[in-house]
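Shown next, in structure tokens, is the structure this report addresses.
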Amino acid sequence: MEKQTLLALLEQVQAGSLSPQEAVLRFKLDPFEDLGYAQIDHHRGIRQGAAEVIYGLSKTPEQIAGIVAAMAAKDGKNILITRMSAQAAEQVGKQHPLDYDPISKIGVAYPDPQRTADGKIVVATGGTSDLPVAEEAAKTAECLGNEVVRLYDVGVAGLHRLLSRLDVLMQARVVVAVAGMEGALASVIGGLVDCPVIAVPTSIGYGASFGGVSALLSMLNSCASGVSVVNIDNGFGAGYLASMINHL
Amino acid sequence: MEKQTLLALLEQVQAGSLSPQEAVLRFKLDPFEDLGYAQIDHHRGIRQGAAEVIYGLSKTPEQIAGIVAAMAAKDGKNILITRMSAQAAEQVGKQHPLDYDPISKIGVAYPDPQRTADGKIVVATGGTSDLPVAEEAAKTAECLGNEVVRLYDVGVAGLHRLLSRLDVLMQARVVVAVAGMEGALASVIGGLVDCPVIAVPTSIGYGASFGGVSALLSMLNSCASGVSVVNIDNGFGAGYLASMINHL
Amino acid sequence: MEKQTLLALLEQVQAGSLSPQEAVLRFKLDPFEDLGYAQIDHHRGIRQGAAEVIYGLSKTPEQIAGIVAAMAAKDGKNILITRMSAQAAEQVGKQHPLDYDPISKIGVAYPDPQRTADGKIVVATGGTSDLPVAEEAAKTAECLGNEVVRLYDVGVAGLHRLLSRLDVLMQARVVVAVAGMEGALASVIGGLVDCPVIAVPTSIGYGASFGGVSALLSMLNSCASGVSVVNIDNGFGAGYLASMINHL
Amino acid sequence: MEKQTLLALLEQVQAGSLSPQEAVLRFKLDPFEDLGYAQIDHHRGIRQGAAEVIYGLSKTPEQIAGIVAAMAAKDGKNILITRMSAQAAEQVGKQHPLDYDPISKIGVAYPDPQRTADGKIVVATGGTSDLPVAEEAAKTAECLGNEVVRLYDVGVAGLHRLLSRLDVLMQARVVVAVAGMEGALASVIGGLVDCPVIAVPTSIGYGASFGGVSALLSMLNSCASGVSVVNIDNGFGAGYLASMINHL
Amino acid sequence: MEKQTLLALLEQVQAGSLSPQEAVLRFKLDPFEDLGYAQIDHHRGIRQGAAEVIYGLSKTPEQIAGIVAAMAAKDGKNILITRMSAQAAEQVGKQHPLDYDPISKIGVAYPDPQRTADGKIVVATGGTSDLPVAEEAAKTAECLGNEVVRLYDVGVAGLHRLLSRLDVLMQARVVVAVAGMEGALASVIGGLVDCPVIAVPTSIGYGASFGGVSALLSMLNSCASGVSVVNIDNGFGAGYLASMINHL
Amino acid sequence: MEKQTLLALLEQVQAGSLSPQEAVLRFKLDPFEDLGYAQIDHHRGIRQGAAEVIYGLSKTPEQIAGIVAAMAAKDGKNILITRMSAQAAEQVGKQHPLDYDPISKIGVAYPDPQRTADGKIVVATGGTSDLPVAEEAAKTAECLGNEVVRLYDVGVAGLHRLLSRLDVLMQARVVVAVAGMEGALASVIGGLVDCPVIAVPTSIGYGASFGGVSALLSMLNSCASGVSVVNIDNGFGAGYLASMINHL
Amino acid sequence: MEKQTLLALLEQVQAGSLSPQEAVLRFKLDPFEDLGYAQIDHHRGIRQGAAEVIYGLSKTPEQIAGIVAAMAAKDGKNILITRMSAQAAEQVGKQHPLDYDPISKIGVAYPDPQRTADGKIVVATGGTSDLPVAEEAAKTAECLGNEVVRLYDVGVAGLHRLLSRLDVLMQARVVVAVAGMEGALASVIGGLVDCPVIAVPTSIGYGASFGGVSALLSMLNSCASGVSVVNIDNGFGAGYLASMINHL
Amino acid sequence: MEKQTLLALLEQVQAGSLSPQEAVLRFKLDPFEDLGYAQIDHHRGIRQGAAEVIYGLSKTPEQIAGIVAAMAAKDGKNILITRMSAQAAEQVGKQHPLDYDPISKIGVAYPDPQRTADGKIVVATGGTSDLPVAEEAAKTAECLGNEVVRLYDVGVAGLHRLLSRLDVLMQARVVVAVAGMEGALASVIGGLVDCPVIAVPTSIGYGASFGGVSALLSMLNSCASGVSVVNIDNGFGAGYLASMINHL
């Protein structure tokens, strides 16, 4: 609980404008709304600088629409829905304004695009197959108010492709490096730029790629400084963190 | 190769002030110095905003002293040496001014402490045993010009210890969360703050902690947004990245 | 074999009311019934305080109905069937009275609900996706005569959701903590309550969650005392053990 | 934070006997004591029914003695120190009354043995080598006020050893089953008794025992109901949980 | 190459009844027949005491029928086909006499059942779900001329089921112990009998059973002597080895 | 960047025939062509001696056809497409001349077969099931101008099959050894021949073969000298490397 | 419990020569002797055909000597002690007649060598480094009354070494195949002989041998029939099982 | 067995100059020499083009000296001993001429250096710590008659170090790429050169490098063509294979 809120509440109690019992209730009831199947956190925008995000994978279209409705009722905008199936998008889109991208499976309900940070976020991929994860990162960052530059299919096995775009890389405030297989892209970029690199291993590959574990280990062991890692295929997490850093 | 440098060199060649052969040599010889056992990268300060760091673990005291001497000869200051043994520190300290901390095993040669960024970096640990890794992060960040606030032994099994220090957490520009065993600290902090959290799994634990793998997996799967992860026990990497973000 | 039964039998033999050969047979034939595809254990109710449970996953509807019939023939009630498909439920339901819940996939044949223990069992989950496993635990405990309080979607990334329900947690005699991904819920609850916490890792997650291994390791390494762990997705096992503890 | 404490504090604030600022401080300062290297949790006895336990492995004798002194100053008794080296015991023993057992490496400072629960806890092991872990469980439970019955070297490869002691097993309120190698003891006992079985895998074995992983997996997959598992070699955790259940 | 054959051939060469060139050809051409997609080994019956077995999983019905035809052309009988789909069985059955069992997926072409060994092979399983693997072992052994006694669903969580059938176990010349989940059956049987026990882990289970790895590790770590292990779900291998031992 | 190209460009700049700005552009634009979804590398033929290969698995038929068209427009021949589905082959085959093999899933667009190296490459497999991977290797090598000899189903469990073909093995300039299950073929061949052996583990097997991991580990630990390993099921990689060695 | 013993006891009870209470005691007390630190199983010789074996690794010399004394007091001979350190051997040897072999670390107390089976057991190794494990197998088998033929350093990378000794292999009744690294020896021998092959993976190797896991997996996946596997480095288990089979 | 030798022997038998029995013996006795602890393979030079190599790790100095003596007695030169301790080198050096390098732990007995191949082998490392493994490769290749160029400390985190040496890389006939941590060096080099790249993962690193597993997986998943992999730290294997390729 934030000190400010606590102090404010306590001062109300001291002033007699709030009974202790009511204060206890306030602590309990206010910060989220119980839909039965989910606890919506309306205070998150204040606490974390971005509204709650809906993880669409394990929810029914009805559940998604319900959460969107509850958030919209409190003037929520740019409500981000990740891992949303095309079918869910179709159904939710009938009830709410929705931008949906089938590659990244990202939906934005009540879209209200605004650029709120100055820096550029570069999203780079090792290969063409990493595109869905990269787009999840890019679209997330764009929805959160960032300018995103895409640098796709610049894997380390053809280094000149990456080196020829150094000017783009050099302008980044944060780089999101998305790669499967041996995941070396993060290290190579990390050695070239002087800004944070968020590495996203992807499950692209076969055999000893072990569903992304090989890329994950590679990235965790990066000998380049300034590189940190998120979960396999977690494009959303990388885009969210990139935005957070870009807004500092 | 940076576009600016390339253009400048090419313009010199065009102007006749540099021969093509000399230009080729320039590309090769300039950016690093070959000590035989190591390639020192003098351009890194320009490219990455921080001088090269010496990974002390697999180097002899003589090698460390040699690299320090080469860097000092080019006016290097605040030369950071990580995983430095007490013996190495003793020997290097005879030849060069050196601040050495036996807990974090961090040495700083030609120390020249300066605060170069405004924000605060909070370094938090789950337990007392995580202290050496946390100090590696903290000392690294301090050496790179940051103010560091320590919040140790605030693990999630006694949540009130963490909650009572929320004011400190809330002031952070970046948090480094260091924890072994179940590594839940990163998720809990990640859910409380609105700034980037760099999670450092430690090898503290026994049995199914598998030398830090349990904490690592926990942190990679964090359901809190804004959390990214570095290698097990990689306090240096976390401190370096925290400083990079703090200097944005 | 229990000492009591052995003594009783031996006394019958001593008294001549039972021949040694018959006694040998008694040891063999009595305690279970051989249906060909399964050995039904009618003595289990006596030995373990609860009738045998039917693991429905790998059995045909005919086999399940057959076992139910055999148990019902000996006055079995509240016959619990776990991991029962909707199709199996439909077919078995035609032959026997059956309560079936499609979310937890739990069926109770010859239902006869009775509260047989005083304490409350709290079943908590980290997220909405953990619901099927949590319901398996809750329904199992209810079928075995317990009062169950559900506390869903209270994961550690939004700590206030959990803290606002502390009063509920504090009244528990046993807590079942169900969570996937980083599985930190068990540690946090374990640090708050003073009763046994049974941790159930779920296979919810992706990438480095490795089908529940990440949550499992997290829970095994819990730094909170009083926490023990059952198999991934083993809601039944947790509910059964919770009931056993609640009936002590 | 507990509802009761919160209400009480708020009522004091309402009554004017406590200023809001002081209330904030109270939340922060009260429940633990900061020794620099550790946060001692004096409220834990109230919250969890047992005083904090000192994990001795990574602490210096001085640190252990310091924590003991702080706890004793608040009338702490039966202060449990786990994984304590013989050297540490010798040094701490010079400053404080201490019972120390070199096999389990358990020390009890200011020992004040009292039986506070009626039921019996049976601690069983598969082999002789599992003894140190079993003793850690047994001594922990005894220190927490329980009667413990030991049943050692009753592994499943010689089933008659276990079966001949069924009468002992049958009287248990909780069983702690300690085994390495294939860890089958927990399943066999779990199938025989009608009380909770806490399984403790040990790192005893070689080759494919993988430091206890084989036993751990075995126990997690137990087909017997009522079995839950703690970390490899975590005798303390099992003893603590057994005591908690025995005191219900 | 067998010494006997070599000597015989060399003596023919010495006697002039075989030219060296022909002898070389003989070494090459004789022992197997090349069908293009497979090398049939007609000498195997001589060398290993049992005709070659057809692994049906990755072969088309046409390929299976072709191999059967080639073997039958050299008077092959009791030709064993493992992991044969029902469809393959239907097609092959149209061209060749075939006994097919859909549970074990074992087919025997040109069946000619004969008891060729005296001892009994006991095949035991932990649960009902292990039945397909157990039947693969049993049917293989029967096809190779052995008497097989089945002892199904005698898992260790209900020990009396196993103990009541000790007389059967005691008569075995070899026991095949088939179990998934925690795989403890092999150890318990191994401790009871004085004959070789072949342990077959099965992929039955969920969560931390890891597709049979838990049972496999359990069996490899068996503390009972006389137990050896074959691959997960390898009923055929166990049945074949049991027959080999039974024919010694 | 190659020294030769660099020198040539710089000399043009010195001579005034190229402006520095144009030179910068040249570095960027020349070596590859951007199709949006892929960066085609036209210089690769010069740099690596073989044109780029199209990894067909994650590309749509339209994308494959587009890349083929772009390559053909620059006179590309023998354009290799790996892991190409039958459907993709059908569609691409309507627009471009295409040889397609459904077993290896290899397509060659604008086929122009030529023998460009003298040595023989032997591709050997342990079993019939390894055939698709082996054919991927063989067809790749043939497409790249090599003579390939196939030696299939010569696994180590029937050693005479392999030994009878020693003359073929002995003539190889490179051997590609393809095997699943225990992967011993590579070691046995490695001990027999005096040329490089490229080992390809396959995902053939079940249970503890872990999708090829067992064969992979076996091959990495080969006690025969001259053996190196590629990824599981990576027939293409082995064929490509074999061709590279054969063309030295 | 054996049926025979049970019947006999029950008949005594019927006849009145044994009271029920005494019978109960008899079941409990007879079959083993409790030394405090170990339960000696005197009936094992009857049940399993060989006296109990002392696993020396985790026992003190005093404990070993104590168990030996207890067994000798009941006329035990050829008491096998495995993994016995040289120091333990020296101390035990002062109190009891003892044959000790420092390579296999096998001790035999009260040695009384007798050939009790006709067949030969061949123990083969892949390399020189596997010798200690092989000797553990060989010495165990010899102590249990078998003739053992050693065939060392015949690894598959030099196949002619193995093939030149085929006559020896062909005479075996059982083969114990001991190998580390890629563990292919078991498969190759399994394909050559027509008797059971017991495969023993050893921890010999480095890197991806993972302490014997690579060899273990190789052996479990053997495509040769008649091969089963024991734990890594478990020479004793292999020798014991080989003897058991040889005595059938 | 080679066809030539077989034909020759058979012709001798036909001609009567060799009896069949003697021919059998010849097959057995000729190709190697039995020292008791090792089978020396004198034919290997003929079969494989290089004399046998002595793996020094698990052999006593006496054993090494004995094998050297046996090989020298047949005019062996350049006898390579790998993983030889300094102590062993000292002792062997007293009996035989020996070149020993303490970094690579390579000894060459009866050294007779000759350049026998034209091409250059480049050995590159990612960092300074990889040097011992790289030197094992380099020294092995030099001992086998190759010219070796070293390119050390050119890891991908400072790409310019590698790019500035492209001229050296481009001249290689084979490259050995040695790297620990994320192992990306092999992919980057593989994308730059047009010759075979042998990747050697090293155990350098900490945490999630898992003793070289991370680098190993990275290299196996290399997206560059022409890359194959040997075991972790297997510098010898890479050097041997590089020499084999260089001599084609």
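Residue numbering begins at 1 within each chain, and the chains themselves are lettered A, B, C, D, E, F, G and H in the order written.
Throughout what follows, a residue touches a chain if its C-beta (ideal position, glycine included) is under 8 Å from a C-beta of that chain, and two chains touch if they have at least 3 such contacts.
It should be emphasised that the depicted structure is a prediction, and the values quoted were computed from it without experimental measurement.
Looking at subunit C and subunit F, the chains that touch each of them are A, B, E, G.
A centroid comparison over C-alpha atoms places F as the chain most distant from subunit D. The mean-CA centres of subunit B and subunit C are about 49 angstrom from one another, to the nearest whole unit. Subunit C and subunit G, compared by their mean Cα positions, are separated by 41 Å.
Rounded to whole angstrom, the centroid-to-centroid distance between subunit C and subunit H, based on C-alpha atoms, equals 59 Å. Counting partner chains per residue, subunit A has residues 1, 3, 27, 158, 163, 192, 207-209, 213, 216, 220-221, 225, 231-232 touching two or more of them.
Pairs of chains that satisfy the touch definition comprise A-B, A-C, A-D, A-F, A-H, B-C, B-D, B-F, B-H, C-D, C-E, C-G, D-E, D-G, E-F, E-G, E-H, F-G, F-H, G-H. Only residues 3, 6-7, 10-11, 13-14, 16, 19-21, 23-24, 27 of subunit B touch subunit F when the two sit together in their complex. The part of subunit B that touches subunit C in the complex is made up of residues 126-127, 155-159, 181-184, 187-188, 190-192, 205, 207-210, 213-215, 217-225. Contact residues of subunit D toward subunit B in the complex are 1, 27-29, 31-32, 37-39, 41, 43-44, 57-59, 63, 201, 203, 211-213, 216, 231-234.
Within the complex formed with subunit B, the subunit A residues making contact are 1-3, 47-50, 53, 119, 163, 166-167, 170, 173, 192-196, 198, 216, 220-221, 225-232, 237-238, 240-241, 244-245, 248.
Subunit C contributes residues 128-129, 131, 152-154, 158, 160-161, 163-165, 204, 206-209 to its touches with subunit A in the complex.
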